[in-house]
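Note that the chains take the letters A, B, C and D in the order they are written out, and that residue 1 is the start of every chain.
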Amino acid sequence: MNYSPTEMMTIAAARALSDNDVCFVGIGTPSAACNLARLTHAPRIVLIYESGTLETKPNVLPLSIGDGELSETALTTVSVPEMFRYWLQGGRITTGFLGGAQIDRFANLNTTVVGPYAKPNVRLPGGGGAPEIATSCGRIFIVMAQSKRSFVDKLDFVTSLGFGKGGDDRAKHGVNTQGPTKVFTDLCVLEPDPKSKELMVASLHPGVAREQVVDATGWPIKFAAKVGETPLPTAKELQVLRELYARTEAAHGEAA
Amino acid sequence: MATFVSLAEAVEANVKDGDKVAMEGFTHLIPFAAGHEVIRQQRKHLTLVRMTPDLIYDQLIGMGAADKLMFSWVGNPGVGSLHRFRDAYEKGWPRPIEIEEHSHAAMANAYEAGAAGLPFATFRGYRGAELKRVNPNIKEIVCPFTAEKLAAVPAMKLDCAIVHAQRADRAGNVMFEGIVGVQKEAVLSAKRSIVTVEEIVDDFGERSPNAVILPGWTLSAVVKVPGGAHPSYAHGYYKRDNAFYKAWDAIARDRDSFRAWIDEHVLGKGPDAFAAHARKAA
Amino acid sequence: MATFVSLAEAVEANVKDGDKVAMEGFTHLIPFAAGHEVIRQQRKHLTLVRMTPDLIYDQLIGMGAADKLMFSWVGNPGVGSLHRFRDAYEKGWPRPIEIEEHSHAAMANAYEAGAAGLPFATFRGYRGAELKRVNPNIKEIVCPFTAEKLAAVPAMKLDCAIVHAQRADRAGNVMFEGIVGVQKEAVLSAKRSIVTVEEIVDDFGERSPNAVILPGWTLSAVVKVPGGAHPSYAHGYYKRDNAFYKAWDAIARDRDSFRAWIDEHVLGKGPDAFAAHARKAA
Amino acid sequence: MNYSPTEMMTIAAARALSDNDVCFVGIGTPSAACNLARLTHAPRIVLIYESGTLETKPNVLPLSIGDGELSETALTTVSVPEMFRYWLQGGRITTGFLGGAQIDRFANLNTTVVGPYAKPNVRLPGGGGAPEIATSCGRIFIVMAQSKRSFVDKLDFVTSLGFGKGGDDRAKHGVNTQGPTKVFTDLCVLEPDPKSKELMVASLHPGVAREQVVDATGWPIKFAAKVGETPLPTAKELQVLRELYARTEAAHGEAA
């Protein structure tokens, strides 16, 4: 069955989730991955969106973090201050999702600016929930397409902490959550080296050569001692994901 | 004490040049009609505050209403950049705009502290994040019991908060349902407030004993503006006009098409135009 | 993740000798049935936490379950003293009890901070009040922006929170209605929690989108105990038994009449006895 | 018409309230006074109880601060942390009510202990909401029966601040609300001297002699230059108050 690299990325992320997860979900691919997991192997996964919606089960993917669909299908909806205080800072989230315009080898992320902060070449949206998601969730999954423009040697700005300068630098910032344990791209899955915390290729998506990953990374990327191959998307996974997107497309086309 | 007035009167009385104003609504219940009235009344030098500056602030900034933007995520959700904001910030058109940037957690906590009458908010935040290097309003405090270092930001103090809600009753009490965001905290952080509502009812009738309601005596003005959150949405009334959010990208990308849109849809219209979007779910 | 168990099993698994335990409920929804089970299981050396130690703690203290009481107002509301507490505190019967005393604002803020995962709570409190002289857990912090001095207390950290609610669904989610007090915060401040409920429903059905609900995965045990809040009350179910609150004054004034009451109504009975008080409002 | 000193005290307190007041109401006489005002001359008065009930309109007086009647008749009910943070500390209350076991000449109150704190002769209920009510409300009304045991030269414990040591001592504690502007007793109404802040008799209830007040006060009580007479209870006031108590009595006698 044919599939796109983005579908592979989404499916790989979905598979890493289980019924035991309480996810802080972002818009876009994370939202697709979390709902794919919920609609396939993890029906009891708890999805929380920062708009205050607890245990939401959207039938279509939200375009914004606060679409009506999220509240209508939620167990309940709390205020945004409560969401950030009791639920995120309270340490109740097992897995947070992040992405960004730029990532470095220690999985720090930039979604703030390209160029200098005071006079940027491109002003990006900024951190939103990311600075505290990055440190408060039990672990972080990062989902982003891989290219030399996005996988950079040095970030223009550190919007949210990954492993800082590597090693135990994360702990030095007073952070004792795990941080980014997996990075899902359209080419491969990366995981931090247990000691140095530098991202290494853990598995290549089917048909992807090492050189493609090297060429799409702005630093000399390392490979794990034993690099696996990401299992192919199943027909079921592709079907559920595509139906989800089709429903979403139909719903978002509608004017109010 | 809330008074029932026209939208023009509400903005006239409660939004002044140079004010620090928040038009809040976390995707949901964004007070677009009121924002348009602020544009029509040509307010200037505003400090605009919003966690997620949305199309509403793109429109205000594109019309030169703001000197400063305080925010935590600036973009068209799920679509892309706010072109009018970027044009102002990167190129100074139609006038330069200053920014004060925070994280969502910082903004949410600042609103909470503002509502609570505290001078600052504290939270476990910004660890390893560079924003605290460039924003002098992010400081550190030390827990007097554990010596843990935490982040601190000033509590929100607004001149005026503007929000939209589903219903008001005849006493001017206002009820919010669905994604309630930081609206209550924004109003309670402000000296003055305007609430636009879908409808005014004799009383709220059967409801949860814990319904999210702001008493009329905490509000300055209540205005009935059906459809007033469009293209945002009102839970139980009408849906988010996602198609318009997508269309905005092209409208706002170009200065001329933006001005043409404003001329036609804001300057050439009044709050009644929003009624076309009003609808009540069965 | 909430498991549905018997009350005996819930207390056995979640309340240990020496634990710091809060049985909360601000007049409303006080978990009396669970408190009686703790007495039957003869827990000792507890630190009991409650804003308003009520009859439930008079009973526990009178049976010698507690080494310490943390509170902000100790009495039988509208009636008078808690005689068993005073006997323990003033005369050491049946064993001495230590106190840690706060104001309501301090306790409420401590619960809020506990739920928020912070190490301390800050508030504008205790100004000119002498409690800060005698309680070393009241400290001062200084706002890093305004230099205003504020009070600080440690965040609540509980071993176990015990609360009562109206309804749970089959997934173990629990819904509270009416005076919700600090119950949610108590549960979120605790390592373990027990919730007794009036009934278990297939699902909550039509409800406010902002209903006060604790997800099942935040709870340890959910137990159906109809009437389990008596002589406190359950909004929408049964009323407060004010007559019993008044009658308690005479029962508790005397050590022997207290023990006789406990023998008959607690040691000689089980949670099923509360069913006699259960009732659902039309 | 006959009336009791307690009725006079309650009615005098009720009269001092208006439709512009947002009251933080305590149980007992304050609750009776506030609801009497609401049922007579101040129908729009806003009553808030610390249990979280906003704009409540009880038909019977609550026995406890959290009776079901309060929530059932409220505009809405918020959590107790929200009540103390957004509503009390937020500065939204115009008038708070307090009472106590002991009061001193500067309207400081004791509801904590008789005797030393660590080894009290009588352990009283403690402060509850009082320490922050005393400082956060725009002004404080104190309602308590007058006797040498309760109006004392020196408090055993300062539970809540009145005017501290008098003069501008309240401000020295960082408190800029007005404090106790009126004390209603069963004998008279007291008000603080504008400068020294010592309580002085402002008006005597009908039939009360100065000597009675002197005899019921544990310090040499001062009288204002012009001491008024509290107007007699009207038939309407007494009727409404007595009906309120009768309804309350009937309701509280009921078992669940």
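Quick note on the criterion: a contact is a pair of C-beta atoms (placed from the backbone, for glycine too) under 8 Å apart; a residue touches a chain by one contact, two chains touch by 3 or more.
All values derive from a computational prediction rather than experimental measurement.
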item	value
Chain-contact steps, minimal, separating subunit C from subunit A	1
Partner chains that subunit A and subunit B have in common	C
Chain pair showing more contacts of the two, B-D and C-D	C-D
Separation of subunit B from subunit C, taking each centre as the mean of its C-alpha atoms, in whole Å	39
Length of the line joining the C-alpha centres of subunit C and subunit D, rounded to whole Å	28
Separation of subunit A from subunit D, taking each centre as the mean of its C-alpha atoms, in whole Å	57
Where subunit C touches two or more other chains, by residue	112, 116-118, 123-124, 148, 178, 180, 184-185, 209-212, 235
Residues of subunit D engaged with two or more neighbouring chains	71-72, 77, 85, 89
Touch relationships between chains, expressed as pairs	A-B, A-C, B-C, B-D, C-D
Subunit D partner contacts - residues on subunit C that touch it in the complex	26-28, 51-52, 71-75, 77-79, 81, 85-86, 89-90, 101, 103-105, 108-109, 111-112, 123-131, 134, 148-149, 178-182, 184-185, 230-231, 233, 235, 238-246, 277, 279
Subunit D contact footprint on subunit B (complex, rising order)	112, 115-118, 173, 184-185, 188, 209-213, 215, 217-218
Complex contact set, residues of subunit C against subunit B	116-120, 122-124, 137, 139-141, 143-146, 148, 150, 152, 154, 176-178, 180, 207-212, 235
Parts of subunit A lying in touch with subunit B, wherever the complex brings them together	27-28, 50-53, 62-68, 70-72, 77, 79-81, 83-85, 88-89, 108, 112, 117-118, 120, 123, 125-132, 134-136, 157-161, 164, 170, 173-175, 251-256
In the complex, subunit A residues that touch subunit C	22, 46, 54-55, 71-72, 74-78, 85-86, 89-92
